[in-house]
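Since the structure comes first, as structure tokens, the remarks are kept for the end.
Here the chain labels run A, B and C in written order, and each chain numbers its own residues starting at 1.
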Amino acid sequence: MAAMMELVDLERSFKVGRAVVRAVDGVSLAINAGEVVCLVGESGCGKTTTGKMAVGLLRPTGGEVRFEGQDIWQMNAADFRKYRQAVQIIHQDPYSSLNPTQSVVDILSAPLLRHGFAHSRLEARQMSADCLRRVDMTPPEDYLDKYPHQLSGGQRQRVSVARALTVNPRFIMADEAVSMLDVSIRVSLLKMLGRFRDELGMTYLFITHDLAVAKFFAWDGRIAVMYLGRVVEIGPTPRLINYPQHPYTKALLSAIPEADPHATRTKERVQLRSMDVPSLLHVPSGCSFHPRCPLFEPGLCDQQVPGLADIGDRVQVACHVVARGARTV
Amino acid sequence: MAAFWHNLKTTLRLLSHNKVGFVGFLFVIFFILLSFVGPYVVPLDRTTKLDQIYAPISLQHPLGTDFSGRDVLSHVVHGGRDVLTVAFLAGAISTVIAVVMGSVSALIGGKVDSGIMGLADVILTIPQFPLLIVLAGLLRFNNVLILAFILGILSWPSLSRAIRAQVLSLRERDFVEAARALDLGTGHIILREIMPNMASYLAVSLIFAMTAAVYAQVGLVFLGLVPLSGSNWGVMLQLAWTKGAIFYPKALPYILAPVMAIALFQLSLVFATRSLEEMFNPRLRTGV
Amino acid sequence: MQPSSPRPSNHIKEEVTLAVANLWVSYQARRGTVKAVRDVSFDLRLGETMAFIGESGCGKTTLGLGLIRLLPKTARIERGSVTYTRNGIATSVLEMDSEALRAFRWKECAMIFQGAQNAFNPVLRIRDQVWDTARAHGETNRERVRARVLELFRLVSLDPDRVMNSYPHELSGGMRQRVLLALGLLLDPQLIILDEPTTALDILTQRSVIEVLRSLRNQLDFSLMMISHDLSLAAELADRVGTMYAGCLVEVADVYDTYYHPYHPYTIGLIRAVPTLTGERRDLISIPGTPPDLIDPPTGCAFHPRCPYASDRCREEQPELETVGTRHQVACWNWQAVLADRGARLIMVAGQE
């Protein structure tokens, strides 16, 4: 079966003054219908840029975004419109993702009316109320006429989700959708998103810097780890979390503090050769992780860019040393 | 209907929140009533009364009389309509052009952006007042609408630059991106997502465009370059100048009357801007 | 790996550096008075690290600012006392005049705010900013400052020569954060307050800051007060943890007790809502309801509308912190019921799988 969303050798560069920054440099990723894929990485690794290209908000400078087999930038207008409705986005910041001058019912009615789901303001209002019920904002009458500033952060984020649901999408790109929320609210939102997957078959590209959240949300999905514009490791969540292969993934996992004093104080830590994060303007040659990597082999890692290699168990790693080890075993 | 009254009450409550702004707002209303309703109440005094030239302030002539003994108050009342009309029209025209040019420039970008901003720069570099003088010689500004139109055409560039900058920043907001993802259309994005967030800024800009238009037109009229007939605060000033009223100490009330009218109107406009911010802020509207 | 026994806390001295008693702080807002800190009392010992955890709006930042009286103009310390002790000499922070207060901040107590790593003057080299800071606090000997800074930079794992001659934008966020730490230690304070020290830093950078804090604590004698919404940071570094809810301190306990044997239903709720990395995926449980309104907080215990153990008494009477174990305090009427449930394994918290 063909994947629902396919990113093929995706590239995006930006001009910064005279220099060119390659924010995303050859990302390939296939997401099946109903699957949850988490894109994980530190700030500036290109995860958000990748996500925005996947939902068609940013045009790639190289490569293709294929939705149900079709390159989205080659689609005719009618197909592109269908694609637009099928993929939606949930933003990170609940304070800037809602227009402060519109009430909740305005926000939810606009797409309903525009795309002909509702034929009158009254009908749009009733459908907006249904959308609010789907995101557990009950009774909806309490919220319909509120303005964003009258809602808490968690409620705003729910309205954002409800807005995305108005057009019945099949694919949602959630960009750090819970990272600005308090812990007590975060869980209920994650569970709600998980429920949409179970009940509606929703497919997610979930972007986060928090591996623990990725683990919780995508336990039966996959995690892709990005570093400086490239995917360095991708694999089923339990595998990647418990048996990380790429030295960068290992370093990340070992560095994350945990809400468990014993575990966090006794964890073994991967020592990197350098703490300096390279600038995107001067990405190191070869494997871009080589100046920091504990497995660095001169002459190999600083010369050749490693491609993603299959090492079994649906795990792919972009590392010369690890891939070689897997082959010889 | 209930919603309307509620809205009106909220608006008034917010307007009265800033005392200075509220006073300004009341004065603006006063000037509008004075200029548009006043003429039906106070008849224009056209009869020359040689025995009453530069009469002092009295109950009969609250602002004294002019060089031919006519009541000054009646001229002030009748002289506001053109000034206010031109100010409002010129302000509105320049704001509309600025909004269209600024947002088109920001949203389309590329060559269109460079073209529009280039045009704006050219207009900005031309000294406005001398140009108006030249234009006044070439065209006949005897019509209020033409004058308003010319003033509006000349004053949009600086505002359009500011609007372009605002649109550029607003269109990067997450809610605009969400609207794009929902395919709500460019019209919706400009009119419903971006513009409402600029409403108070636009209202303030409109008012400042109005004040600029008042000065420009009064200046032109005063210099005699715009042969507007009838009563007009600018015409009153011009006549005071040409009839030599400035040499008569007794004529002080006559000279001060249009000056004060213009100055007070401008001041009340500027003050009123202080309340606009609060009126358009949804946070304040809903009273949290 | 065998979990080690709780770290011996022999570096913690018996003397109390900071004693806070019945502190109340409130803000004037448009809608009314925000009671941001309500009746908070705690002791911080020399060499001890105490973390204050809680969600946004629980009053933890206001508490930190109140202790060194850096509150905004709209805030007022209503009641309470803050006593700072160094070498046996106790001073009341709330009674200091502005001159004494100025000396107190930096010399005795350094506070590093959230996001302060972005507050350097961009046009000055680090060297000049260090010197400006020292001079502003009465240090005049350039050589002495230099020697001290070099030593401190090494302590926070920075290359002194390189960093001193850099402009702020040439340093990464983590390096700037460490420069701030070094600057805070310049005048040898005995109390350091960190507000969200690792928020907005990347994972690997965050790790380097944590390691630096840990080594500083082992090498120097100071008390550390750490304010964070991040439960994992507290688990990593704290000796003791105070949980705040709606402006009140609802539980104070040793870090291991907080995570493995909490008594307060809110602390339990927080810990069960945080995902962990190690091991199998564990189900998370969210806390129902919404955060409290601090202008009009619920009667009795502020947590009662969201609490599964709430009884009539909770709705009417506010519980005070009571000691329930060795240095373990909790403000809950029903802590015994919680304890019984935990004994019966009806509630699972961290580390029990």
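Rule of thumb we're sticking to: a contact is a pair of C-beta atoms (placed from the backbone, for glycine too) under 8 Å apart; a residue touches a chain by one contact, two chains touch by 3 or more.
Just so it is clear, the model here is predicted, and its values are computed rather than measured.
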_Excluding chain C, groups that stay connected where the other chains sit_ = one piece
_Taking each chain's centre as the mean of its C-alpha atoms, which one lies nearest the mean of all protein C-alpha atoms here?_
A
_CA centroid of chain B to CA centroid of chain C, Å_ = 56
*What is the distance, in whole Å, between the centres of chain A and chain B, each centre taken as the mean of its C-alpha atoms?*
51
*What is the distance in Å between the mean C-alpha positions of chain A and chain C?*
32
_Can you pull out the residues of chain B that are in contact with at least two other chains?_
288
*List, in ascending order, every residue of chain C touching at least 2 other chains.*
none
_chain B to chain A touching residues, read off their complex_ = 173-175, 177-185, 188, 192-193, 196-197, 199, 282-283, 286, 288
*Which bits of chain A are touching chain B when the two form their complex?*
55-57, 81, 84-85, 87-89, 91-93, 96-102, 110-111, 114-115, 146-147, 149-150, 160, 163-164, 166-167
*asked:* Help me check something: in the complex, which residues belonging to chain C touch chain A?
replied: 1, 3-4, 7, 55-56, 172, 174, 202-208, 210, 229-236, 255-256, 259-260, 269-271, 273-278, 281, 284-287, 290-291, 350-351
_Give the list of chain A residues in touch with chain C in this complex._
42-43, 152-155, 182-188, 190-191, 209, 211-213, 215-216, 219, 238, 241, 251-253, 255-269, 272, 275-277
